[in-house]
Amino acid sequence: MPHSETESLPLLQAQSLCFARNDEAIFGPLDFELRPGDVVLIEGDNGSGKTTLLKVLSGLLEPSSGNVLLHGVPLTLAKLSHQVALLGHLPGLKLELSALENLRFATGMGGIRPGITPRLALASVGLEGYGDVPLRTLSAGQRKRVALARLLLVPAALWLLDEPYANLDREGIELVNRLLDNHAHRGGAALITSHGAYAFTSGMPRRIALRPAA
Amino acid sequence: MKSGTTTSACLALLRRDLLLLWRRRGDALNPMLFAVIVVALFPFALGPETAVLARIAAGTIFVAVLLAMLLSLDALFRSDLEDGSLEQLVLSPHPLSLLLGCKVFVHWLTTALPLILIAPLLAQLLSLPPNMLPVLLVALALATPLLSLIGAVCVALTVGMRRSGMLLTLLVLPLIVPALIFGAGACNAAQDGLAYSAPLLWLAAWLVLSLVLAPLAAAAALKISLT
Amino acid sequence: MADFFAMHGYAAYVWPAYAVFAIVLIADALTPLFARRRVLREIDSRQRRAASRKPT
Amino acid sequence: MNPLLLWFHKLGSPPYFYRFAGRWLPWLYALALISGCAGFYGALFTAPADYQQGDSFRILYVHVPCAWMSLFAYLFMAANGFVALVWRIKLSETLAMASAPIGAAFTFITLVTGSLWGKPTWGTWWTWDARLTSELVLLFLYFGVIGLYHAIEDRRQAARAAAFLALVGIVNLPIVHYSVIWWNTLHQAQTVSLLGPSKIAPSMLWPLLTLAFATHVYFFASLLARTRVALLELESGKDWVRALLPSPETGHG
Amino acid sequence: MKSGTTTSACLALLRRDLLLLWRRRGDALNPMLFAVIVVALFPFALGPETAVLARIAAGTIFVAVLLAMLLSLDALFRSDLEDGSLEQLVLSPHPLSLLLGCKVFVHWLTTALPLILIAPLLAQLLSLPPNMLPVLLVALALATPLLSLIGAVCVALTVGMRRSGMLLTLLVLPLIVPALIFGAGACNAAQDGLAYSAPLLWLAAWLVLSLVLAPLAAAAALKISLT
Amino acid sequence: MPHSETESLPLLQAQSLCFARNDEAIFGPLDFELRPGDVVLIEGDNGSGKTTLLKVLSGLLEPSSGNVLLHGVPLTLAKLSHQVALLGHLPGLKLELSALENLRFATGMGGIRPGITPRLALASVGLEGYGDVPLRTLSAGQRKRVALARLLLVPAALWLLDEPYANLDREGIELVNRLLDNHAHRGGAALITSHGAYAFTSGMPRRIALRPAA
């Protein structure tokens, strides 16, 4: 995997990043960078702008000032970067299709990492045997696991995960932590949000705190 | 890590949308039902005189087909928006216009084509003179893709809103009126024994133009309304 | 004068036309005034909300 | 930079434009009112009755200026929309969205006065003639732009989406204008021309031109007034707006 | 702990629904726009001959109004379902049929009434003979509440499904065809100079019956389809 | 408040309650009862049937066998009990209305406890100053708090809360615990669900564990 050349440049840089909705500041100027191997937790109370920040970093919302650089290149609306996997509140899965069909579509769209198949990925998130029933009949937590399986399959250097722990039971939380560890060891980076009410199994190395900008 | 090719992405999208449609095949019949119902209401509303019905047959069928397609347009991106798939589509590494083109194609294939196929039945319901049927079919075949394409641009604009159903109608209609005038005009000309190829050629030219421009416009509009 | 208002029998068409012109444009001229008052009121209440929230 | 460009650049900044518009507004309203009164005087008192249509032809003096304005306002809106989409200038977004309701108002007047004129001359309020139809479509387009603008929550995103729609709808303008040439219709063909000789007597022409001038000036007056309000709303968080208000009475700090 | 009275509950519901409508007043115009657009499409489709248009005017307006109401019916409970309000309504301590009656009343007030108010304009667009306008208006005033009431029962039945839009149409239409036949029939009779009071009286009788039974049926249907 | 007569009978009784969807058992025979003052936590992994159980207990779903008794009276579809407040995944709030308008509607429908007003309730869930903006502009956690304010306002002896802690920050979780304590002291009872991944501030007195029935 060619991440030797990217080692020198940070994967993601935020430079005095601000966001305002109808001129009301949501989060203040933020400066941080992610290098390969970094996993960073964004903490903040309800309404502090965590979801908004992830959307800005993925390019879905435009910052009101400041820059987002991916591999040193500014992220613009016209040219989104495709090294980024965003897992938002909405998982982007079709409830009428089965888990396997959803995953096959995802790999068709985004490519697939070498050495893994949709079925293997599903097994490694603890959903063996649930591959062929429509997603509609799975519970909230089971659906979340399917979305995690997609992260495993589709190659992306930067993961942006919005409250990945929500809806998951203890075992599910450990699963997320394991996935993040593996991703970091492979040279990826991840930014995840949480309001810190969960009993984590391992401490996160770095944190960014969001506070209301007003 | 290599990402998939654009061709494979388009194929994956086509396959998924068709599969989804198959899973919801009950819904897929709906535009057809709607058109049949609109057409079937007219004899009740106007009384059963054949002469009156035959005079308005082509126009009414045209209106019914356009309305049925219009109403199904709303769903073009809605479910993708609601479950977050649309965000994933925009963030994917392939040209958005091409992906949207695929979605439009599926829309046409699954709403317009069935409508064209049952048009002969509708014509029968309103006692359309049989020799006019071919003109009606050709006109529909040219006008319906136009509606899918232009509609996609408008849907892309309204996609960020909740419950945009009828606003969409308002946006699409001014743009689609010419298609209706030319399409139904050709039918009416044929009924009066006049030449009808000119309006059909106009429709065809316009269709070619839209085929090229509409996906690009839809992609631009979608980016505007998502961000 | 009455002759003038009668417009040779076209009064029922001419005067409504002028009236529509006048009414619509006057309404159009007034909307920014009302909108301005509404916006100022909104800004004021928003600032008050911000001011009342800050001390807590 | 050349001074004109520099001035345009400065004009693009909301606070500057707000003050600039505030200075010009009274003058524009006054000019529109005066020229409008002069035009109406000419229209109602000095212009002779038409030998064919009698006094009903006096509707021309409201119908035609408004019809021209309905097209002009759309053009203005689309041009600003283009600038807004390509260069992302906030002021252009605002101008484009402010011209939509004014244009819709003129279109509405055109339709109503046209109907009022049609009844005595054609014997019907409404027919589905190409010009009438395309003008109705124009009204729907204006409604679509306004509706789209109000249906989206984020003001700037809404403006961009509506501007995009306005650009798509511009294909309708040539149809309105040339419909009388392309199709043979009930509606009057072009009779007034600014460049060539007009087919209308001078005593009938000058009130028309005066009123056309008045409606243009009015358009810009109303546009500036609406833009001022819209800028206040858009920039309500900025310091220059706070400075405009009487200092908040929660003045403990 | 005392729970509110049923009257206050109905008033609260009416107030909230009207307030919601006011907040979304743009959407509230939609059925009107839709009807205008459908009616305006016909001259394009049929050509501008006044005689043809006048002949079909009453029937077309009737169909357009019914379609506009039909399409807005779908939203009657949908948003309440999506955000969980409907569950709360069912669990509330008041007779469900009364609460649903309130919702139906708001629906009629906000979709049918505006449609009746603009019917004269629609009549003008299609050059309906002016002396027929009163008959058309009375027929609409009787037929539209019927549609709201019957529609509510069908919506209540389909409320548990996703994307039930057109299935709903299918369910409502057979029930509403008689209203169309009587309503448009009265107009056509008036146009031909025949007596038109009998069909209107039938409509009225049917309306009274529905006023009593439909809310009860809707409440029963809703309980079935939610649980 | 007349809860002296209800003291003798349990508020809620589940008697060998089973639920099956298409003949697939979701939860096994359950027997438990709630008396005034009880707060019970239902724990279970993702997909174990917690949401389903609450719907059955409120009468929205019919058990496949067994009974639910409220004050000793069997709960039937035709006669739902109105002593129950259900707070599900969907809060039943209108996004177009403000928080106060939503709460006023709720009290109009369900009545109001003595000595409290919508504005007070809003203040006590930490949303002072947010009463008049449309709910649409509040974040996920802020909306959840509005739903909690409704619980405070509308009289109901039995609370059924589905994952009340989800989406809330630490302070919000403490708020829920405080609300539950007060409710219990007033003689109410509550049943809440969770998969136990949260860092609770106080232990729950009683738990019911749901395990996959298969």
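Order as written gives the chain letters A, B, C, D, E and F; numbering starts at 1 within each chain.
Note that contacts are C-beta pairs under 8 Å (C-beta built on N, C-alpha and C of every residue); 3 or more make two chains touch, one makes a residue touch a chain.
All of these numbers come straight from a predicted model, not from anything done at the bench.
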Number of steps on the shortest touching-chain route linking subunit B and subunit F: 2
Chain of greatest Cα-centre distance to subunit B: F
Higher-contact pair (C-beta pairs counted), D-E versus B-D: B-D
Residue-number overlap at the subunit A/subunit F interface, same or different (half cut): same
Most remote chain, CA-based centroid, reference being subunit E: A
Cα-centroid distance, subunit C relative to subunit E, in whole angstrom: 34
Where subunit A and subunit B are represented by their mean Cα positions, the distance between them in whole Å: 37
Separation of mean Cα positions, subunit C and subunit A [Å, integer]: 50
Chain centre separation in whole Å, for subunit D relative to subunit A (CA means): 48
Residues within subunit A bordering two or more other chains: 89
For subunit B, residues that touch 2 or more chains besides their own: 24, 79, 167, 170, 173, 177, 227
Junction residues of subunit D - those touching two or more other chains: 133, 140, 143, 147, 151, 236
Contact footprint of subunit A on subunit F as seen in their complex: 45-48, 51, 89, 138-142, 144-145, 163, 165-173, 195-199
Residues on subunit D engaged by subunit C in the complex (per definition of touch): 29, 40, 44, 49, 54-56, 58-59, 62-63, 66, 101-102, 105, 108-109, 112-113, 116-117, 119-120, 218, 221-222, 225-226, 228-229, 232-233, 236, 241-242, 245, 248, 250
Residue ranges of subunit B touching subunit D (in the complex, touch as defined): 153-154, 157-158, 160-161, 164, 167, 170-171, 173-175, 177, 217, 220-221, 224-225, 227
Of subunit C, residues touching subunit D in the complex: 4, 7-10, 13-14, 16-18, 20-21, 24-25, 27-29, 31-33, 35-36, 39-40, 42-44, 46-48, 51-52
Residues of subunit B that touch subunit A when the two form their complex: 1-4, 8-9, 11-13, 15-16, 19-20, 23-24, 79, 82-85, 87-94, 223, 226-227
